[in-house]
Amino acid sequence: MSSQDKAAVQENTGKTADKVFKVIAYAAGILILVALAAVFLFLLFRAWPLIGGDQSANAATVESFTGGKAHNFWQYVGPLVFGTVLVAALALIIAFFIAVGIALFISHYAPKQLAVVLSSVVDLLAAIPSVIYGLWGGLILVPAIGPFWNWVATYLGWIPIFKGPAASPARTVATVAVVLAVMILPIITSVSRDIFQQAPRLQQEAALGLGATKWEMIKLAVIPFGKSGVISASMLGLGRALGETMAVLMILSPGLTYSVKLLQASQSQTIAANIAAQYPEANDLGVSTLIGTGLVLFIITFLVNFIARKITEKASV
Amino acid sequence: ACGDNTSSSSNGSSSSASAEKISGDFQGAGASSQQSAVEAWIASYQATNPDAKIAYNPTGSGAGVTTFLTGATAWAGSDASLTNDQVSQSKDVCADGTTAFDIPAYVSPIAVVFNLKDVSGQGKHLNMDADTIAKIFDGKITKWNDEAIAKQNPKVTLPDTAITVVHRSDKSGTTQNFVSYLKDAAPSSWTYDLSENWPNEVGQGGKGTSGVISTVKQADGTIGYADASQAGDLGTVALKVGEKYVPYSAEAASKVVDASPLDDSAQGDNRVVVKLDHNTTADGAYPLVLVSYDIACPAYKDANTAKFVKSWLTYVVSKDGQDVAAKNAGSAPLSDTMRAKITKSIDAIKTE
Amino acid sequence: MGQRIDVNHLNVYYGNFLAVEDVNMKIEPNKVTAFIGPSGCGKSTVLRTLDRMHEIIPGAHCKGEVLLEGKNLYAPDVDPVEVRRDVGMVFQRPNPFPTMSIRENVLAGAKLNNRKISKSDADDLVEWALRGANLWEEVKDRLDNPGIGLSGGQQQRLCIARAVAVHPQVLLMDEPCSALDPISTLAVEDLINELKGDYTIVIVTHNMQQAARIADYTGFFNLKAVGQPGHLEYFADTSTMFNNPQNEEAERYISGRFG
Amino acid sequence: MTSANTSVKVPQPDFDKLAPTRSFIQARKRKDAIMRGLIYVAFIIALIPLISVLWATLVNGLKRLNLNFLSYNMTGVIGGNPTPSGGYGGVLHAIIGTLEITFGAMVISIPIGLMCAVYLVEYANRKDKLAKSVSLLVDVMSGIPSIVAGLFAYSMFTIFFGPGTINGFEGSVALSLLMIPTVVKTSEEMLKIVPHDLREASYALGVTKQRTITKIVLRTALPGIVSGVILAIARVIGETAPLLMTAGFISSTNVNLFSGQMTTLPVYVYQEYSKLSVTCPAAADASCVPTIPMERAWAAALVLIVVVLLLNLLGRWVAKVFAVKSEQ
Amino acid sequence: MGQRIDVNHLNVYYGNFLAVEDVNMKIEPNKVTAFIGPSGCGKSTVLRTLDRMHEIIPGAHCKGEVLLEGKNLYAPDVDPVEVRRDVGMVFQRPNPFPTMSIRENVLAGAKLNNRKISKSDADDLVEWALRGANLWEEVKDRLDNPGIGLSGGQQQRLCIARAVAVHPQVLLMDEPCSALDPISTLAVEDLINELKGDYTIVIVTHNMQQAARIADYTGFFNLKAVGQPGHLEYFADTSTMFNNPQNEEAERYISGRFG
């Protein structure tokens, strides 16, 4: 009994640390708001000439960007928004199922040793910089995937999105979507895998105990548990796809149309790549216009995340 | 410093240049077209001025000029000459109420390159006049064996391959010079406004010169335009000048610059702006060139910067400097007459 | 009808650790067999080998035979999924599916076996299973509430209802009452008594009174020392086990009883 | 004894009807096999491009990757000519730049991101307006295009330190803007997974909230947080566009994060790619390599991957050392 | 010395749901008080209000007074952390810290509070606490193994050791034995008997025999119907409760006992 008496020496109650820690945590939360507000206000400030400035000068700027095809900011940004969303959505569609598949493979199918190796490979791939995907996509994938797109255009050309002839070289939305899918795949996989591995053993056993097959067990006990995590992982991926600059810049042959002809060149461009392409040679007003498009991208991400959050909230109730 | 590639012999004080050695950190930014040349210049310049640390950031002409106008860089490289507006803005950064000036520093032919099975190859040419080129790049001529091309190349068997036009997808001085050539030399076939962005939706776009070249290389039947130093083993087009077809070369490019007048509408002191004569008929001239300028101030707030800029620009336009660039970046050296005009402007930089 | 289980020379390993050694027993059909013994002696482990549930723990494996009506569960052509369909299981800790309502939890197993179950059949099944688990009165008005919102004891009864709803041949229960109050325990015991007409039931319990009350046969597991493998010390019909055990260890264990 | 009211009719389900048919069992098995197949196929499909990326980088990169490449910068490199040391320039300056700038970004964003996650999971109430907007804005922040982050940092430094300010730390600030949301989101997920039981156990021992968080919650979540931080580093270490604008490009080595331009590996890769090729003088001998920029680009890309790999291994090692042993 | 607890007009809410209504009782110092009652009646809930543990569930709050030696736990100037330092708790489900070894788990209370403790004191404390929880013999050779690697029963005993090692004034236990075998249960009961010389002990149990064996006072909780709040139906010294209850509901509940 004596031992605990000795242990009960006067101790630092940690009350101050407790309060300080709480303040720091709140401050960190608020800092996010401040940082974001700063970015938003800056964008707005720099884009202000678009709204408050000389409209004829704006028109001239937009005309110089588009070779006279668009005459105001909205005509300019419209196809860019379309292209951005198109490319990112395609990438997400391609990546999502494969990523969830790999995550399940690692968490529930692969033997333990293999799973460990695969996990590290996936983490490594998540870290491959976009400029390398740009190099690879532009120099290796584009020539390699050409025949495949030709095949698609020939046999699936009756579907409007696959209307041929496939561009040669294939610097098209379809190719970019594939590259972006490859880029976001490891991100979605990595987060989903972590979540799946955390799925409670108790519920998995319950499912198996009821005579569920492995897949049924996954459906009953793993996917419901991981759903919101997987959705937020996908949003992470979608966010990256929406904002990806270098890979798109180095691969895509851009255009400013509302076309969904995925296999043809010079149809679409993304906002981020467009900024990177135009910024170096832009004058002050040009920079304002580009930042205006950046602001629009910002708002798109806001909306996408807002909607995704609503979905997640509903799913987790 | 750490990792520098200086040979032990060249950084000694042995070189006997009587001129005062320059030292310090200096920044330039601007046109990416000059990058290779500037790198060669920096390396050679530092051989005699080992204490000068020079960084050139190839951000692009527009950003380069903008940065220069904030005073953050000592000089700028730009594919376009200054606008009058920019000249008056420069009062804020140049000392003593002076305004910035621009001088040609880098002249390079723009090659029209193509990739066509059994036809293209290193040093191989197809003959075309400006009108044909304009029609190809406007999507009016879509097959390689089109009458218009075949007529000018009787000795070549042209395949029935579709033409894929490749142009720059970013804003670019190269594009501006190329379309400006088409507009001047084939006004009836090229009706677009002059701009740094590609004006139509024909073909494919590539980011930067490297994007254009790799796109051209990746498929059969492509045609594009790029700084001639990057043409590599692609086929190139010989332009019709007068009655002859002239393939690109440094000398041919120099000729058109010499044959062109200065732009006297340029406002401001010390400016040397070339008004390229795209319709020249001078013998052996190659009219499709890019003239890239260096932009500087006649007076700087910081004396050391002024000293550096003066010595740097003097070296750049010197025969030595131009030869280094010609050798390593494939540019066309400035002629002596041109150099004489430029030197006057450089000499105007006040170092005291 | 319930099925008979024969366990022959069963050794269970977690990786290289031999957790249970050489278990031999015959579990009679349509009877209740209880496993008792000190903590860590391997009761749960053996129970899980009866429906190959241990296999989902990485590294866990067993040697020996488990015969269900003479058919070896561990024969190479046997699908563990089918084994588990015939052999239901209730766990020590309640584990309702957290995303499902009470009703969906009960139907989870049945839905797997028969997707096109009619609404009225489903209603009947839910009521039957929940009544059997003595939970019906408490939840009948909130069948669509999440199962996880119940108290611990309610959750465990829900899990029993869920297992029973699949109508297995054999029912394994790992301390199903350890989180239940006496009334619920009694109800579950009644349910077990009722079910044994149709099923073979194996139950792990810490409560010797419970074993004495409901089991027809009792197996006493023991372990020589910590770190040593557990083993089946003594297996007998329940009245022999509690009134006249022919095994010294078992007697010592049982005489330590109280209550 | 039981309170079951015997007058109530207890339904007796017909279990024969509910029993699975033979064909349904087969169908379930087939479905299981198909899903297994699909999962394997997904895995293989994904491997193709991923292996291709690594293979291309490896094959093209190894051509120029040697000690010389790692120990020199790009000063004094003229065209395709060899340098006095016999190499063709290198990436020493870019490696230093990448490490310093990324480290700067980590120093800014890990504390902020982690504390923000702690705020969201441990302090904020679900219905709290502030918390809701913070977590929404974290999502929004993760969608900031990197180039906009670059513009933001550039203008901020321009305002505070004068026009045209370019230095490594500016790059760090831009990158931290991109890194924070990843840190917050992954940490948040990991903190949420820590069982509530453990917090209760700790509180019941009379431990303050702060200590419970730092010593139990964060400790338990640590392996996950580390891998989240690795992801976050991965998100930024390859950023090019914002660094072009904030950290600049220089051919000599700069070790001062707070002053002067700094080259990073991705920027280096991109610049060399943009150069494409150099001109060799007509009289040049074979030692002049016209395709050297592209070869340097691939070699630098390989170096970049190796750097990332090393960081990964480091993180993995940290995660292993602190791993939570045999969960459940 | 243990401390007295007075509960006055306590109402506990989960959000808007009133879970327990108007509880009044006096818990004597240095005695063992047991809470019994059917599942869902609020035993755990009331127990948790005694060390303000319910407060960490979002939305949970209570009205009324809990006086520890006359001092209201819910007075505005009272720090819940300090309350919990004096009032220890053992939970229904074992919850050892997964990142810690067995030894570290036992020392967690001291270590987490940054209390400096010498190696030899620590060794003494670990041994004392583990012996008390009847776990010492089983784990003494693997004190540095992770606590999570133990079997369920072993884990729970580890948690008891951990709570005891903090040496609180009051010890609250929420069905601490529901996952233990009889031998471990007996050991824990012995421990409780030993500890009550120093502490006030409140224990929730489903096992009425356990209550009868160890408790000095017993509170019987009940609920009128599901969805209705639970309440303290009857509070008496244990022998009255089990032999001569003055409350009809309590008598009905207790007469349903068995064993």
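Per-chain residue numbering starts at 1, and chain names A, B, C, D and E are given in the order in which the chains are listed.
As a working rule, a contact is a pair of C-beta atoms (placed from the backbone, for glycine too) under 8 Å apart; a residue touches a chain by one contact, two chains touch by 3 or more.
Labels paired with UniProt names: A = Phosphate transport system permease protein; C, E = Phosphate ABC transporter ATP-binding protein; D = Phosphate transport system permease protein PstA.
Bear in mind the structure is a predicted one, so any value in this text is a computation, not a measurement.
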Checklist entry - If we look at subunit C and subunit D, which chains touch each of them? => result A, E
Checklist entry - Within the chain touch network, how many edges lie on the shortest path between subunit B and subunit C? => result 2
Item to check | Top-ranked pair of chains - ranking by C-beta pairs in contact | outcome: A-D
Checklist outcome for this item: Ranking chains by how close their C-alpha centroid sits to the total C-alpha centroid puts first chain D
Checklist entry - Computing the C-alpha centre of each chain, which chain sits at the greatest distance from subunit C? => result B
Checklist outcome for this item: Rounded to the nearest Å, the gap between Cα centres of subunit A and subunit D is 13
Checklist outcome for this item: In whole angstrom, the CA-centroid distance of subunit A from subunit B equals 38
Next on the checklist: Rounded to a whole Å, what is the gap between the Cα centroids of subunit A and subunit E?
Outcome noted: 49
Checklist entry - Quick one: subunit C and subunit E, Cα centre-to-centre, how many Å? => result 29
Checklist entry - Do you know which subunit B residues sit against two or more other chains? => result 32, 59, 214
Next on the checklist: By the touch rule stated above, which residues of subunit C touch at least two different other chains?
Outcome noted: 81-82, 85, 93, 112-113, 137, 183, 186
Checklist entry - What residues in subunit A touch two or more of the other chains? => result 13-15, 18, 139, 200-202, 213-214, 216, 250, 279
Next on the checklist: Can you work out from the touch definition every pair of chains that touches here?
Outcome noted: A-B, A-C, A-D, A-E, B-D, C-D, C-E, D-E
Checklist outcome for this item: As the complex stands, subunit D meets subunit C at residues 1-4, 10-15, 17-20, 24-25, 28-29, 32
Checklist outcome for this item: subunit A partner, complex, touching residues on subunit B are 32, 59-63, 66, 164, 169-173, 192-193, 195-207, 211, 214-215, 218-222
Checklist outcome for this item: In the complex, the residues of subunit C that touch subunit E are 37-40, 44, 92-93, 137-139, 141-142, 150-154, 175, 178-186, 206-209, 213, 226-227, 253, 256-259
Checklist entry - Where on subunit D is subunit B touching in the complex? => result 71-81, 83-85, 87, 89-90, 92-93, 96, 158, 162-166, 244-245, 248-253, 255, 260-261, 271, 273-279, 281, 290
Next on the checklist: Looking at the complex, which residues from subunit D come into contact with subunit E?
Outcome noted: 1, 125-126, 195, 197-209, 211-212, 215-216, 219-220, 222, 322, 324-328
